[in-house]
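Dropping the structures in below, format is structure tokens.
Below, chain A partners chain B and then partners chain C, in two separate complexes.
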Partner chain A sequence: MEISDGSCSTASMSCTLGDLSQPDGSASLTHGNTQVAAAVYGPCEVRLSKEFPDRATIEVIHKPKVGLPRCEDKLRETLLRSIFETAALTALHPRSSIQIIIQEIEDQGGLLATSINAACLALLDASISMKFLVAAVTAKVKHDGSVLLLPQEGSTEKDSLGIITFVFREPDKSVVCSFTSVGTLSLQQRNQCLSLCQEACDTVFKFYRECLENKFSKIK
Partner chain B sequence: MADAFRCALPKEYYRQFIERDVRPDGRELGEFRPTVLNIGSISTAEGSAIVKLGNTSVICGVKAELAEPKAETPQEGYLVPNVELSALCSSQFRPGPPGEQAQVLSQLMVNIIKNFHSVPLEDLCVVAGKLVWVLYIDLICLDYGGNLIDACVLALTAALKNTALPSISVEEETQKINADITKHNMLQLACTPISASFAIFDNTILLVDPTSEEEALSTGTVTVVTDGEKIFEMDKSGGSQITSEQRQMCFRRAFQRHREGIKLIEDTMSSVDR
Partner chain C sequence: MWFAGFSSTSNMETKQLARRVVMPGEKINALKNCADSSKIILGPGLRLEDEDICVAKSGILRFREPNVYWVDSHQTRYVPVKGETVIGIITQKVGDTFRVDIGGSEQASLSFLSFEGATKRNRPDVKVGDIVYCRLLVANKDMEPEVVCIDGQGRSSGMGVIRNGGFLVRTSLSLVRKILNADCVLMKCLGNKIPFEAAVGMNGRVWVKARSNKETIAVANAILASEYMTNEEIKNMCQRLADALDGF
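For the complex of A and B:
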């Protein structure tokens, strides 16, 4: 439906909202060469065993590019769920379910961050009420100690000392979630990554705004 | 009366204690439960360890098998960690295929070994391209009393430190594999990761080493795995208002826990033969 281009200090982002007809909201996000499609259903009926009397259940399904979902997809699912359980206003829809389905299309670094951002855009497209928006940014520390943001053209896991993803919320830019996906970092490197990511998350929030502005300008 | 209060209003019950900087089980907010470690208790496994962290108990066994290496890494052995949460350990688990929590824990073990490079995979190579060791690391939870991650990581590290592989020789002509069971080579670990987990209570208070009850009441968790300077973090604080000062406290506590953990492993190792 919509195409919009924003730029991040890493690579350009582009997104189409609502290109799937069946889900209540959907987003296809391309960040550099990493691409993810996200769909949101809900609030809809929930399985009895997962029902909560006071809030909605958030269910996240993460599908890999090929093959059946593996343990690493489960780990991503729990990370995403922990973020959106607090970000979405689940208390508005008791005894119901909000399903977030993520399909990996291409992973050239920073898959976790792109999945989180795509899920956030899909939730916005589905008009699910949220307490705050979240933006995920991935940083990589190279062996020589230099820090850069992912995804980046021609960057591989091999030359990295560690890769860390931070998730921030609007407006105070406090950390909602963080995860070291590759390698390990020293405390100093970690804090360096944090401040770099914190700066870069503004571009993501700006990008969200542009995407939605585009969507609503078309409807009018 | 107190039991009824705890049952009906668990959060309020906890608040009463936490106001006085103490937890219902008598611990301070930054205090781990007493940790008991036993190494090498399974004689049929190549390496083993049992960890008791308060009520949480986890047993870890390392089995070694010979196999062909993967085509992309002909000079490296590989590890297959698996965490089992059977119906035995808690009513929240059902028999059948591994649930989400078990899968996530297994993946975390994989990530921790991989990220820290704690096992030098080249050391597991017997004949390059032909024969390597595969280490099956099975972690079984016997009693679920909360904070499974810390118990699993400690059991994993201790069991790997205890692992000894029989020396292998391959006859050139017949390709026959001879294992010398009398001679063992200890697996040399490159590093020893130890973790520390925190539950966030009422969005602001950090509780170290949460029990299962505290986990259920928490609004988020933070796990920090450390070795020396190196940090692996998994922060699921969600909407909780954790200040950066509190996060730095988590790292400091994790470094301290690492020293405690290493000392515990070394003390236990020195008291057993192998």
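For the complex of A and C:
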């Protein structure tokens, strides 16, 4: 399953759903040269210290390619947890936990966005109840002021004025979360990135649908 | 289940609407309601958000006359539902109850009195690690699930501890629903070729036992392989399997 288009999302996306046998849902997403594997367990048993009486606990584990999780991995975990706490219908499964495990396989720019999209696909594969879908797009502002979307061939997160990731929800395409990971942007630059990302998020949602239609075509 | 009143749409539109892939967050408003009551019954995967019907789970939208809609999702994790029969594994003995793993987010409890003919003096012979075929008496998202091995009249009606060998396989929940569906020919077709016993739990666990270990494995593999097959393909597979077991 592949989508490639020149205008919006500059790099091609490909994904396989449910390739792991043990988790309840899994997805392996490649966006450009960035690749991430995500697995979802749940709703399953929760440790007593993390239990909520009125909703499910969402736990996110972000594993780097090599070595132990560092500060930036912990930051990504926190971001992903807060995004999926709003997106998932946690009230349906009180006193249980939904675990999302993200394994970075290759980072060539736009890792955060790819992680969020992979996690969303894994949640869809596990058929977890959700209020809405989310799609993340990363934009990079170059030194000359031009904006381009990551990940892109031959362009890394270095040598940039700023990098910003937007998370959108379907169907109204409103912003769930925005995160500037490098540098500072002026309001004008930020708005320019926002409008470009908002256009590109349609491709991601379309991609989700194609992945699922491919999965369910076997059942029909 | 929710009930909602909506304006009626034509039959053609309904047929187009159902059987398509839906994703969480999608709003569906052109649903056909029952002619006389102007109500729609929303099953699993659909919910009412303010005035709109919202999809909560990814899957295929299904419709049944006159006014029932639900989402058929492909799930492996079990969420307990009251009245369903499941296959559990005894994990612990706590006082007068057993703890049973039924594959949900929490272990279920099983009282030693809820077996056929069990009294305080006459305790049932159940050990840790046994497989039980049981029915969910309490299944509430806020409470611990409870299972029993008797029906309302105190009879076992097929439930209880499963002994004497056999093989327990784990499948997806959609496969279990498929083989329990009256339209599916799998069990009938397979039983004609190879005689076997089976217990199918709604939690995605299937216990099978045939005359020999070889046949048991063949039956278990046939069940697992049938997930994406049509009735015609299942018939062919059963024929091939029987031929292979006879040594052709």
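Everything that follows uses one rule, which is that the second predicted complex is superposed on the first by the 210 of 220 C-alpha atoms of A that agree within 3 Å, B and C clash if a C-alpha of one lies under 4 Å from a C-alpha of the other, contacts with A are read in each partner's own complex, and residues count from 1 in each chain.
The rule we apply is simple: a contact is a pair of C-beta atoms (placed from the backbone, for glycine too) under 8 Å apart; a residue touches a chain by one contact, two chains touch by 3 or more.
For clarity, every value in this text was computed on a predicted model and none was experimentally measured.
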| item | value |
| --- | --- |
| When chain B and chain C are modelled together on chain A, clash or fit | fit |
| Which of chain B and chain C A:131 touches, first, second, both or neither | both |
| Partner chain in contact with A:179 - chain B first, chain C second, else both or neither | first |
| Which of chain B and chain C A:44 touches, first, second, both or neither | second |
| Which of chain B and chain C A:169 touches, first, second, both or neither | both |
| Partner chain in contact with A:75 - chain B first, chain C second, else both or neither | first |
| First, second, both or neither for A:190, with chain B first and chain C second | first |
| Chain B versus chain C as contact partner of A:96, first or second or both or neither | second |
| Arrangement angle, chain B at one end, chain C at the other, chain A at the vertex (C-alpha, nearest 10°) | 130 |
| Chain B versus chain C - smallest C-alpha distance in the overlay, whole Å | 12 |
| Interface residues of chain A shared between complexes with chain B and chain C | 131-132, 169 |
| Chain C-facing residues of chain A, complex | 24-25, 41-46, 53, 89, 92-97, 124-133, 169-171, 208-209, 212-213, 215-216, 218-220 |
| Of chain A, residues touching chain B in the complex | 71-72, 74-75, 77-79, 82-83, 85-87, 131-132, 162, 164, 169, 174-187, 190 |
| Chain B residues touching chain A - in the complex, by the definition given at the top | 100, 103-104, 106-108, 110-111, 115-116, 219-220, 227, 229-242, 247, 251 |
| In the complex, chain C residues that touch chain A | 19, 21, 23-27, 45, 54, 56-60, 72-77, 79, 105-106, 141-142, 174, 228 |
